[in-house]
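Some notes on the structure that comes next.
Chain IDs A, B and C follow the sequence of writing; residue 1 opens each chain.
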Amino acid sequence: MIKIFKLKSIISIKDFERKDIDYILDEASKLEDIAKSKECCDELKGKILGLMFFEPSTRTRLSFETSMKRLGGNCIGIESTRSCSVSKGESIADTAKMFEGYSDALVIRHELEGVSKFISDIVDVPVINAGDGAGQHPTQTLLDLYTIKKEIGQIDNLKIALVGDLKFGRTVHSLSNALGLYDNVELYFVAPKELKMPQEVLHDLNKKNIPYTEVDSIEEIIDKVDVLYVTRIQKERFGDLDEYLKIKGAYIVNKKMLEGKDVIVMHPLPRIDEIATDLDNTKHNKYFNQAFNAVPVRMAILKTLIKNNPKWNHME
Amino acid sequence: MIKIFKLKSIISIKDFERKDIDYILDEASKLEDIAKSKECCDELKGKILGLMFFEPSTRTRLSFETSMKRLGGNCIGIESTRSCSVSKGESIADTAKMFEGYSDALVIRHELEGVSKFISDIVDVPVINAGDGAGQHPTQTLLDLYTIKKEIGQIDNLKIALVGDLKFGRTVHSLSNALGLYDNVELYFVAPKELKMPQEVLHDLNKKNIPYTEVDSIEEIIDKVDVLYVTRIQKERFGDLDEYLKIKGAYIVNKKMLEGKDVIVMHPLPRIDEIATDLDNTKHNKYFNQAFNAVPVRMAILKTLIKNNPKWNHME
Amino acid sequence: MIKIFKLKSIISIKDFERKDIDYILDEASKLEDIAKSKECCDELKGKILGLMFFEPSTRTRLSFETSMKRLGGNCIGIESTRSCSVSKGESIADTAKMFEGYSDALVIRHELEGVSKFISDIVDVPVINAGDGAGQHPTQTLLDLYTIKKEIGQIDNLKIALVGDLKFGRTVHSLSNALGLYDNVELYFVAPKELKMPQEVLHDLNKKNIPYTEVDSIEEIIDKVDVLYVTRIQKERFGDLDEYLKIKGAYIVNKKMLEGKDVIVMHPLPRIDEIATDLDNTKHNKYFNQAFNAVPVRMAILKTLIKNNPKWNHME
């Protein structure tokens, strides 16, 4: 078996070259019928995915579980620190070694940046970062890219606006990093001044010559873009509630705003009110499809990592 | 495939005609050997059941899980509101759309009446109401009917007493509705005056000409009935603890009371002390069988709904 | 099928003869490749393991889950009393009868000694004690013995030191009981005076003529032993914190202490600091292997009990 995809673990989208991303998106596309339960699959029969969720996350956890089970495998796991030996004083390293003995791959969610990388260095099985603090959430980025490609047919040559909390939102950081790998992409960052895209991300884009524009309302860019990627603004981020209430409206998308336009709307979910529900039944709504796309994309990741792992190849 | 059973979802026992109930009971009967693990089954291989338990319920949740797994399928889910995005402010509609993307059918438990109906209207997959507030719990009713039929051989022509909290107990409401579909059934309602059967239920029975009698102790009817369906009286229902203690004894069933009689005792469980444990080793005890019967009946429901769903038929 | 292994349930290691232990260890050895996911297995396809964890335990629960799933079966369960009907006042007996209806074998964890035995007496399916209070944890003992045999090649003729909290630690009690079945074993008990091995255990060893020596520091015995079985000393056991801090150091194992010696170090895990992490990358470290060994040993137990159960043989 030729290993086209070389990563043993998925820690950061920055570890990906464009061909690695394309490989996963192609695999995901081939797995759609299984993801939709139109076909049955035994690919990962007998394999176990270890879910190490030190911090709860329903959407990410459930989509990894469905992905593993659609491929014929099964899962074990913890849903929070409370429910594991870490609460008795065990080190994360020891907890990870235990999980390694019981699993063929690990999914890690932790509130601290770097935990997934740390674990991937001490275990032999593949590790998938499912969100570490303000750091990375690379599989979310892969499913975001998959959604754009599936809905528009390409990622090159697009104008994409990222909206909302660009300072703390890890999905928009990873997505910006990844879009920098594509040709002729133009980015628009729509955020209040308190929540602007961090300098490191802008610096990376400058290095790659990716053009970007920072604005502070959706109106300013709505006529120019192909994709509107919306994220939530948490009022806790504002010291002053009045300030929050004043700016909030500029970051809410609704049906009227998009009338006659050819733009797709995405959101990593859960949403609160930053996308009006009157958009749900329009052609702009791609956020529910995006949620479903977690399944084929995570299936592609699980299949690729587990089958590439030398432990598994032993079987053949 | 001819769709004899027409319901897409199971929301209320009131949506059932007698032939729909009979269809599920027949299917359940055919699945008994698989439910008892005497035979193996791949019928729902690759399929995922989404368990949306906004309110905890061990017995219902575990029996749905076993039913799905005995059929070769698998499950994902949440066990309480606490463990899902609803706690972050996500709407139930959005949570349901997420689950729809990851599952082939949904089981809903919620403290508010109407939530299952609401969700069944916005998703394409089958929805099963597993208890919504004081509303319906239709799969419990189906397994109650299955137990009566399996133990006595028929449901027509029986005299059935419902005992305990008839005011708030949703199982006794649904069961009364369903028994109204059978021929020559006589009902006895045994409850303290504070917890009598609601007028709406009596009204329905009047319309269908089902004879019923309201009494306030088990003694009054114990010589007449074929089935004693016991439910728990919660002392919280009484403003006055003395009142509760005074009447409590009249609603406890024990071995002595049933000596020489040919009556079966049922209970949706869990019981506290309303059935004395000295009944456990008598022929009257059908409540443990009834608990097991949840498996073949829920298997029949899952198999029927998932295989009838157009999404699935696509596969063939 | 000849039933070489006669136990219906696994409640206490004291119920085992040496040939019963040897049978399980042999079976475990044959299942290693499946445990390591190098081979796939359908042995327990369609079977359900009921996990009744009235008290949380990540390591034990996850290893039972992986074991069942590697054998092609599946699991249902509760993770604490909080999440089950017992919190509504249901008796443990009723909860067990419910689980019996949904499962092919039960694993019980409870804070009270004797609960597993009680349940095994009222259900027809096999019951496995996964730790009951200060009582037994027999499957831990079996995996401890398996680890010794796999690493050293034999159990007979060894010198084994048990270190730490010998008074309250159920793993060291069960292990002492079991080692008494082997030939020419010498035991060393290393504990502070507050946490010495209970008289009952010593009494049993005397009856079987197993030589043992009680000491109060690792240094005294480190040159003599083949196995160092370390357990945690909880500071809560000491009324006086000064006393705890004074003695603590004598029960910590590190790399320097073992230099040039041919001793393996084991630990039931989780560890806090009683084994220094500088031992992790030495040949002495067998505690991570021991953690993995939970899988083949529990697979052997599940396979043997479920296939021996008359309920299952019915299938053939």
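Basically, contacts are C-beta pairs under 8 Å (C-beta built on N, C-alpha and C of every residue); 3 or more make two chains touch, one makes a residue touch a chain.
Fair warning: this is a prediction, and the values are worked out from it, not measured in the lab.
Taken together, the touching pairs cover every possible pairing of the chains. The angle of the rotation carrying subunit A onto subunit B, fitted on C-alpha atoms and rounded to the nearest 5, is 120°.
Each chain gets one centre point, the mean of its Cα atoms, and the points for subunit A and subunit C are 40 Å apart.
Chain contacts: subunit B has residues 74 touching two or more partner chains.
Interface residues of subunit C, counted against subunit A in their complex, comprise 34, 36-41, 56, 58-59, 62-63, 65-66, 69-70, 72, 74, 79, 269-272, 277, 288, 291-292, 294-295. Of all residues in subunit B, only 45-48, 50, 74, 76-78, 83-85, 88-91, 93-95, 97-99, 101-104, 311-312, 314-315 touch subunit A in the complex they form.
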